[in-house]
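Below are the structure tokens for one structure; questions will follow.
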Amino acid sequence: MTLAKSRNMDEFLKNRASVAGLIVILMLITAAILADFIAPYDTDKIALKEKLKSPSWEHPMGTDQLGRDVLSRMIYGTRTTFELSILVVALTSTFGVFIGIIAGYFRGVIDEILMRLIDVLLAFPSIILALVIIGALGPGMINTIVAISLVGWLFYARVARATTLSIREKEYIEGARAMGCSDGYICLRYVLPNCLPPIIVLMTLNLGSVILSIAALGYLGLGAQPPTPEWGSMLNEGREYLRDCPWLCVFPGLMIMLAVLAFNFIGDGLRDAIDPRQMVIK
Amino acid sequence: MASMRGVSFMLEVQGLKKTFTSGLVSKRSVKAVDGISFNIADGETFGLVGESGCGKTTVGRLVLRLIEPTEGKVIFNSIDVLKLNKKALRKLRPQMQIIFQDPESSLHPRMKIGDIIAEPLKLYNLVPKANREKKVLELIDMVGLQPEHVNRFPHELSGGQSQRVVLARVLALGPRFIVADEPTSSLDVSVQAQILSLMNTVQEEFHFSCLFISHDLNLISRMTSSMGVMYLGKIVEAGSTKELFEEARHPYTRALMSAIPIADPQTKRKKIVLEGEMPSPMNPPSGCRFHTRCRFKEKICEKTEPQLIDLGEGHRIACHLYAAEDKRLVIRHRVTVEI
Amino acid sequence: MLNNILKRLGIFCLVLTVSTSLVFFMLHSLPGENAEVMAKYIFLGNVELNPSNEEVQLVKEKFDLDRSLLSQYYSWATNAFHGDLGRSYKTNAHVLEEILIRLPATITLALIAVLMSLLIGMPLGILAAVKQNSTTDYLCSATAVLGISMPNFWLALLLIMVFSLALKLTPTIGYGGPSHLILPVVTLGTATTAVVMRLTRSSTLEVMRQDYIRTARGKGLDHRDIMITHSLKNALIPIITMVGLEFGHLLGGAVIIETIFAWPGIGRLLIDSISARDIPVIQGTVLFITLMYMLLNFTIDILYPIFDPRIGGS
Amino acid sequence: MTLLSIEHLNSHFMTVDGIVRAVDDVSLEIGENETLGLVGESGCGKTVLALSLLRLLSENTKTDGRVIYKGRDLLKLNEKELRGVRGKEIAHIFQNPLSSLNPVLTVGFQISEPFLRHQGLKKSIANSRAVQMLGLVRIPSAPDRAKEYPHEFSGGMRQRAMIAMGLACSPSLIIADEPTRGLDVTIQAQIVELMKDLIKNSGASMLLITHDLSLAAQLCDKVAVMYSGEIVEYADIKEFFKGPAHPYARSFLESVPSRGMKPIRGISPSLINPPPGCRFHPRCDCSMDICKSVHPPLTEVKDGQHARCLLYA
């Protein structure tokens, strides 16, 4: 569209790892959307006769302890994971950026509260806090979303706040104020667009870590509950058969890693492509 | 006192103060601007000169209420600016504008030049939508840019070009008063000359008053008709630019004047090289703030703060050497200077 | 300096109070259920059975669960301050004792993992920076991304599969001699190592671009002097900050890894207590994990001016 | 006596947009005990020229030509020999002292490094020499100040510290890059006085890089004006200020506020794709048709005054 943006785009597309990541993510999303058509078997179909079959032409990834087709469950698991993680990231980023910009732009009490909240909530390892929340609310998918989101928005708020703080010192903001623009207008038209690059990078990298968190909770048996197909809980179920049926553990883990890796590659590529001086992350 | 000598003032500033406080527990406060008064006549350019950290930039922001003053009065075109509520202030904003030091960060990096210049027109609906593009092109031409610049982004322009865009946007609002805060300090001399002569041209055409803030006395002498010299948050000497350049009185002004770089190896001049550096505004010296670096320091300078007195013709000075009742000191100082 | 320490200490106490109360309120926000769980343990000794209303009521009275949350928190906090974290619902053991027995196991695991990540991550990061854009650099960087993306619980299973089950080189799970440490430490330290390496690389590259490195060259110093005196100290600054933050991830990771390797640390205690809804134990464990994390960061904050004279000087 | 002679020096580097010809066939001489001012506006290549003398540019820069110092070509020395020259024979005072001083090392230590490296002094002795140097550049209570870090210094003092570092090993040539930029006028005046004294006392030669003609007027014996990577005028300082020969040099001088503040129209050309012929012709008031195609050589206009302009060819 513009010289700056197209050059960023070129820079991004030149990064082979990032492009590969993008392709992987697009494939996974397609699989998630078209799961009903692609998956060879019904995920819930229990066929005890077929249980714990090693990979074959019929079942490319084998079958699990209840005789369900692992490949089909993996495909539906993609859907679960992407639904959850995109929902979490959409919620947290919107809310976090909103609060972050307000705190950074107006400073004062809101900023003070936000800063202390960040101090307090980030004083725990985030997975521990998620565990506590699930401990209070009980296991389940909704609670997983709540547990991850409750802390997750803070990362966005922190980055948005830091970026806003540096933007508000820019003279074009003062110029806009001198021109008589209202604060709301300035936040929307001036601060937000200039905040976005680091936020977009953060979103990409965050998608990866949210997927990891969801899988970790699933693995601990605190996230998605059986029989819902989910990568983490599939790993958990397969763990008992580690010695004799390693495919039950290998494939779900591989998928998690692939998805996270892809998001990390995209995030790194974006970060390198966007002017590094604009970045305030870390 | 809108007209003291029959001159109507566009801007009157009286006893302007700003104290910045920081720290929640152990409050530290800095008196960045400490009681400043000056007037700017209609169409006139007033220069404010001083070294970095003297508070001159803050004055520019205070006058426009981009920073809220702690105390004082700012009367613009007979309107008491500091008494206005938010809404009334917004209505007044288009009439009082500012040009910043750093052209690169003065422009929204993700907006096209055309949109940047059109924004004020849209905001205040100054020009009907159909004519906006024409008006933008007019402004672009006026500041010496080409029509093709409309579709460019700020980072594609040079510093001088960016400053032209800033000027075009300011002019779009039709202001009566402009604060120019070191508008050329990040530009090369040849570009500086371009921008300043452009400013002179548009000032004649649009007839606005200007507060010209700079550290460069050469520019002040070229751009302004009257001026004030600031040191640590206070005006130490003010008057017509001509008079101050011909006969500066305050020891600080004299030192500044003698330190003006002259681009000629033949001109030999007795230089007054000030010793030491400006003290921190967090902890300003007692009495006269300049006494730590002043060659004519007396006992009184350490204890009592000199008041700004009028030497006539609007030449004001804050220095114990010129305390009206003590003529002896005045004479002594003159003698010292002549040697 | 002293002022700075006092200020940090103040923030430390504040954050500790707010965070523990937050956890407390969260865990006690469903008072009925809470009493129910306790009644299950006390009267029935089994989570599967449902207690009668009288039993639940009795528990509420006995443990003052009808009082306001604030006063409940107050008594918990005062007791905690005196070293009494209450008793486990499930086992009736003193929570503090339970934690103290398990603490060394977790600390050993975490410290060795941090040490490993620094010892491997930093030299590799510097190597990658010095040989920027070489094959070595790309190899290091790719491995690092892989390390960050690998779910630690999966890595654990893979390592068990290969080294314990297939090659039989290490014990599968459990706690004992140094050989038991290998797999858990490797699993736990991998991500941190990768993060340290990436950061070391980028901060070294950043420092090498600075003007003062050119000044050092202009003085006639050789590469070794420049690396050791001029660049390393600057490059360390972001790494130190990061190690503090990364320690949190490490503790989080420890929770999962201890569960997998049956490592008797407080992470496993936390998971067990969460699935048993054993609230005093959850509360106590979280307190200790937070305390460990904050203490480390507190120490780093205090030591920071040694590495960066620009911070906290005046 | 010539101390340093630069012959046909080129410094080019690659960017995404193309090859930047920052220094293009530059030849200059600096005599013993002489101060040469290299003046020009931002982006004319003057800093790159200064950095290429001691080969301090990044690795993607290609430098060729000859830089003869006391009979040796600096561009042909190996790393080790070059390190012996840097900071000992030729010192470089970099611009922007805040970023050029290492933030985590004390100022005293940074000044003592040349002593440690080139004179092999013991740490304690090098340290006391550093304190002496700080005193020499008129920093009050030098022993205490030496223990402080750069951020505790004011802008003027940092500049003094940079000068002290440069002068440490009594070099025969000092390359000073914008030593007064960003300083207040009263502080600039102090630095200028200091440099005048130090140069006079040490008998060193200096290459002064600056955008500020008035600074050159105060410190230099000779001046070279650079435009778009080339030297366009080279003259004795007095001759130059009497009347520059090259139209750009003349316009440049006239654009200085105390000299009339007459603007030069247009913008500086890019170093990637400079105009053909004379690089100044699109902005020149005296431009002729031939200027568009013929690249003018540097010719002697009168005694010692050289200009790169077809008016004199």
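Just a few scattered comments:
Chains: A, B, C and D, in written order; residue numbering restarts at 1 for each.
Just so it is clear, a contact is a pair of C-beta atoms (placed from the backbone, for glycine too) under 8 Å apart; a residue touches a chain by one contact, two chains touch by 3 or more.
All figures in this text were calculated on a predicted structure; none of them were measured in a lab.
Chain B and chain C have Cα centroids lying 55 Å from one another.
If each chain is reduced to the centroid of its CA atoms, chain B and chain D end up 33 Å from each other. Note on chain placement: the centre of chain A and the centre of chain C lie 21 Å apart, centres being C-alpha means.
Between chain A and chain D, the centres computed from C-alpha atoms are 52 Å apart.
Taken pairwise by the contact criterion, the protein chains form one closed cycle in which every chain touches exactly two others. By the definition of touch given earlier, these chain pairs are in contact: A-B, A-C, B-D, C-D. Residue ranges of chain B in contact with chain A, taken from their complex: 61, 64, 66, 89-91, 93-94, 96-98, 100-102, 105-110, 119-120, 123-124, 153, 155-156, 166, 169, 173. Within the complex formed with chain C, the residues of chain A that make contact are 17, 116, 119-128, 131-136, 208, 212, 215-216, 219-222, 235, 239, 242-243, 246, 249-250, 252-253, 256-257, 260-261, 264-265, 268, 282.
Residue ranges of chain C in contact with chain D, taken from their complex: 210-212, 214-222, 225, 229-230, 233-234, 237, 307-310, 313.
Contact residues of chain B toward chain D in the complex are 51-52, 158, 160-161, 188-194, 196-197, 215-219, 221-222, 255-256, 258-266, 271, 273-275, 277-278. If you check the complex, the residues on chain D that touch chain B are 41-42, 154, 156-157, 184-190, 193, 211-215, 217-218, 220, 237-238, 241, 251-253, 255-259, 261-265, 267-268.
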